[in-house]
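Next up, some structures in structure tokens.
There are two complexes below, and they share chain A, which is joined by chain B in the first and by chain C in the second.
On to the complex of A and B.
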């Protein structure tokens, strides 16, 4: 439809009786829609009421999405229409790409994409497109969640390219927690708690340590490192020598990472004879290295005196 | 980010009218200068005249130093770049008073209730055409505004009838509410509509909800794995689980799945089947809770998960049963930004006033499970009062951002979490109380009083109690539940 020409003048729509928006008297938070938006929505209500699934309905949804991409109803109706009329889903993806780039934070687009790609039964091109999206916003929650869906749906957990890609994301910003979470997802997520092969365990421990050495005051790889140790059911003491590189109670003025101190406290807490050392580490956190969380560090200290509670 | 609303940050932040011009915003930023400690003290001396409490003196700059982590890595990345920018925007507000707000006896800006009330009343008014992107989020605009107004002590009964008539065409014939007339039903809209109507709290507001069709609608959202989708064929995440239980519990709906619920075909019979386990699967290796199994731990989804468990049963029992609490506490604690004092939603992300509620609001829930006095209430209150109040009213993500109803509502809800102490009376049978039937756990809360230890807010800066689970004014959830308990059938 040419711009400026409304549906009521369009012969292709002459059979449809639009349903204007019912708003009641004195509605709250009412929006003074443009005539164009208001009319398009009136026609959408009408075709939806008729359960009409058609090409023109598809065009109507495109028109409305361009004016308001955050309209879940329009997206749901669009995906139902695509299904009913057996539309070309490759064409849909082609149209979605620039639309997603234009509305970076919109999340309805991602769920819609998931429905389409699921039906296409192929992940081809998806990884590249996701990479393009993340170049604009590298912590976008919906994009990362979509990537996780993709990995699961198409069984990409052990695909070397997936690991390489996420490693590249971490290289680019070692503090990108979304990337760390994705690494966890592909390495551990497909395992259902099954034991980690020795080589992978070593690779992951080494990788997290390598990342910590780049920037020790970065919590992401510390969480990852400790997560792996826990997954592998190893004692935390396997991290003792490494942790001491960044925080050593013998040198309380030379602490390079509050997260190391936190880990050290837990390492000492695991050993019954070392509880005083654990307390010292927690004291350092509470009074000097992470004072905003003093209540928490003091709480952890109290736990040390309760024999049954192991943090 | 407005995760619960399912609308991400890209929504044109709704700066309700009157809209500050760009010039006004930049002019305000120009005035942001750091006050020296001596200037602060001279301002403070006036405020101190009325101060009868002997508060240990600490200047704002000393305070900031006292909560700063004295370690900084040299390596710069995208994350540190935006973090540095954020700190640059926030620090002047923690160290001084760039907006020339009136100060309380602790030298912090007072809570500017009148300005925020005015702002939220505007947010209930008419929006220009460029707000079309909010067309599916109007239920939220009503809820955020009404909830914010009540937290500020403003009587919203003047809006009662209009709230009911506004939502009437939003209700879908097949059950649940959509974002407007003719829109498909959605759990987010159903949540915002239900809470708004419960805030109004009149029989006509209660009766305007079709509970029978709502029950059927919720039944269609239940999934074989235990979770809930946000709409038919929509995403399954912890929001869905929380919202479904909030609605069932408040409206006192049957806990059995309706006969037409698709999940019955896989052997499920009640709304609670597999639910706790599904929530447990959302706890990540970091200890936090994500939208759905495998995703990144995130504050807003964590609140929804804990809220859901708080409705399923006494927090002390459900939290410990389905979650690894030491790891959850470790993750939640780490979400408080230092030195900002406000919260961020994910590891290595930026402070944002909305997490005052999404993370701040998790704390009363875990305290009810027995994990008390672990977080820093005063640092959060300081962030909200000093850095999250917009000059002309309304509250913000962070200094330099525009206010909107969303950030106003959730900063104020977070302030309630910081200012009030709750007790959980689960298991105590009180004759005649509400919540005796199914999903009654969230009606066992009691307000113990205000937090006092080293508090930084004056009497005028206290907000009304916000219910820790339902996020409505204290008392409103109980009133609604009583009304529906006394009703026979649907």
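On to the complex of A and C.
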């Protein structure tokens, strides 16, 4: 609808009796609605109350969604309307793209997209659109969740392109934790807890180490590295030589990563005879390299003195 | 606990009270229009904040309080559950054919019940039995809960937010009793707990669903839900460590580490750039305040030289913020989403409260009252409520004692716990009529 035109002036809507909102005398969190929104909502209630599925209803949902994308039944109503009138779902995707770009933080848009793409039974064009979205915010939670759904829906786990794509995202921003998490999903998601083949285990350890060497004070690849070691049920000591590259108690002034120190503390704690070394590492964290978490590092030190605090 | 005497930073009570009274008494500006479907939630933020500030009683004369109670009840559906605002109400046009467009809403039902508690209603008109029947229908076969029902199917994400609210509704209406109540079967608690357990991530956090990225909001909802269901993980030292219930969180030590890792020195976008030219971390930059820097490649000569003259890692600990995910910027609401679960797990001592308190008061508290998302941002009801709640959890003088998981004062909670119908379900005797008032009084004066 053109700006400034209201439904009550529009001959196409003259047969509809709008249902106004009744808020009573003492509403809570009442909002100073614009006239445009109030009126559109009155017409939406009217068409919903009639279960009207029509082109004009579709346009009305578009109007509402642009003002209130979090409306929790307007999306269902839209999707039901599309189905009932046999609308062109490709056109729906075309409309959704700019709408998603306008409302970056909205969840419903992505759920709706899933419904449509599921019906289209094709992921064609979706990767390009995701790339456009991630240019706006490379950590957008909804977009990454949607990407996971695409991978599951279209069985893309074993496609080399998916791994290459996420590797590109990490190359662009090695601190993008969403990208690291997606890598984990690609590598582990289809595995169902089964053992990691030797070659993949090595590839993943090498990749995390390569990224850590680029930026040692970056928790994402450290978490990834330790996650892989835990998944493969390896002792943490397999990371000892690597960790010492960034934090060595013999050179306490040349620590390049608090996460290396933390890992070192855990490695020493695993070796029962090295508890004093573990404490030294935790002390360095508490006093010098990560004092914002001093309380936590001191707590970890206390745990070392407890007989077998099972984790 | 946080002594204002030793610290310059102060909570401006008068401004906060006037900010919240304005939200209570006047229209929210039209910028809130996009949150029209969150009105019940926002109503809760407004009332719980005023209550925690000790102002709710004086802000609401009896006839207004009663008026708000009536408003909440007009949002109750014949099916028991609540709609989120009158925006979906068809009035006299509502019928069996169109009711699907005006469904019960999980967040609205949870927050409507909490609102009635805050307004000192006895929940006598709440269709408790119908809500509990509805709650069963809202659970999916995998144990998760959704936002609403549509044509028989559970719609909305299947993350812990809705599970938390479902657990909250169950706790409000029937405490921690397991098994059927009033002939209505219990939700499948075990299945839900399993659902929480599998959303643990490789870095120890909790995500929206398995394999998604760890996020403090989901972690908080999960821990709060487990508390409401009496399924928190037991401490290894506890004598009860071997009970036969399925409990939450496979790796508690790793979750604690993940939660304390949310503390960050990246408080503003500019903080990301302090080592931009250095290209690689060094002893001098070994802290997290540059966590978004996109690195070129390996250290250049210039990069190396730039460290030579720098002292090793001395940085200001005046302000510490909290983020919601690894390598993200601090945001007021995440102080709640990260500190509340630590508090519920009995480990808030792992966070140094002083610099977090200073960050909230010096950086995100707004001059007109309330809190913004980030320094300089205008206040909004969501960040303002959660920021205030964190200070209450920290024991800020003059704020009421709160239940972190319910985001509500303990005095309000005690009103619920005194209601005869609820005590009967829990097998408790009648409460002495003055106990609740005494508790209320203590909570306000005690801080």
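Here is the rule we use: the second predicted complex is superposed on the first by the 298 of 311 C-alpha atoms of A that agree within 3 Å, B and C clash if a C-alpha of one lies under 4 Å from a C-alpha of the other, contacts with A are read in each partner's own complex, and residues count from 1 in each chain.
Throughout what follows, contacts are C-beta pairs under 8 Å (C-beta built on N, C-alpha and C of every residue); 3 or more make two chains touch, one makes a residue touch a chain.
Worth saying up front: this structure is predicted, and the values here are computed from it rather than measured.
Asks: Using the superposition on chain A, tell me whether chain B and chain C clash or fit.
Replies: On the shared chain A, the partners clash.
Asks: First (chain B), second (chain C), both or neither: which does A:273 touch?
Replies: After superposing on A, A:273 lies clear of both chain B and chain C.
Asks: After the superposition on A, what does A:22 contact: first (chain B), second (chain C), both or neither?
Replies: Touch status of A:22: both partners.
Asks: Pick one for A:223: touches chain B only (first), chain C only (second), both, or neither.
Replies: So A:223 meets both chain B and chain C here.
Asks: Between chain B (first) and chain C (second), which does A:115 come into contact with in this model arrangement: first, second, both, or neither?
Replies: A:115 sits against chain B, while chain C stays out of touch.
Asks: In the superposed arrangement, does A:291 touch chain B (first), chain C (second), both or neither?
Replies: Both partners, chain B and chain C.
Asks: A:30 in the overlay: touching chain B, chain C, both, or neither? Say first, second, both or neither.
Replies: The answer is both, since A:30 touches chain B and chain C.
Asks: Once the structures are superposed on A, label A:164 by its partner contacts, choosing first (chain B), second (chain C), both or neither.
Replies: So A:164 meets neither chain B nor chain C here.
Asks: Have a look at where A:104 lands relative to chain B and chain C in the superposition and call it first, second, both or neither.
Replies: It touches chain B, and chain C stays clear.
Asks: For the superposed three-chain arrangement, which chain B stretch in 1-9, 19-27, 37-45 or 289-297 runs into chain C?
Replies: With the two structures superposed, the offending stretch of chain B is 289-297.
Asks: Taking the two structures together, which residues of chain A meet both chain B and chain C?
Replies: Touching chain B and chain C on chain A: residues 19, 21-34, 37, 41, 45, 48-49, 67-73, 76-77, 107, 111, 139, 141, 144-145, 148, 172-178, 181, 184-185, 188-189, 214-220, 223-224, 227, 230-231, 255-258, 288-296, 299, 311.
Asks: Which of the residues in chain B end up touching chain A in this complex?
Replies: Spelled out, the residues of chain B in touch with chain A are 1, 3, 6-11, 66-67, 69-75, 77-80, 123-129, 131-138, 141-142, 145, 159, 162-163, 165-166, 168-169, 178-184, 186, 231-235, 284-287, 291-292, 294-298, 326, 329, 333-334, 336, 338-339, 341, 346-349, 371, 373-376, 379.
Asks: Flag every residue of chain A that touches chain C in the complex, lowest number first.
Replies: My answer: residues 19, 21-34, 37, 41, 45, 48-51, 67-73, 76-77, 107, 111, 139, 141, 144-145, 148, 172-178, 181, 184-185, 188-189, 213-220, 223-224, 227, 230-231, 253-258, 288-296, 299, 309-311.
Asks: Which positions of chain C touch chain A when the two form their complex?
Replies: Checking each residue of chain C against chain A gives 23-24, 27-30, 32-40, 42-43, 46-47, 64, 66-68, 70-72, 74, 84-91, 93-94, 97-98, 101-103, 105, 115, 147-148, 150, 155-157, 201-204, 208-209, 211-215, 236-237, 251-254, 256-257, 260-261, 263-265, 280-283, 285-288, 290-295, 297-298, 312-313, 317, 320, 325-328, 349-352, 355, 381.
Asks: Touching residues of chain A toward chain B in the complex: what are they?
Replies: It is residues 19, 21-34, 37, 41, 44-45, 48-49, 67-73, 76-77, 79, 103-108, 111, 115, 138-139, 141-142, 144-145, 148, 152, 172-178, 180-181, 184-185, 188-189, 214-220, 223-224, 227, 230-231, 255-258, 288-296, 299, 311 of chain A that touch chain B.
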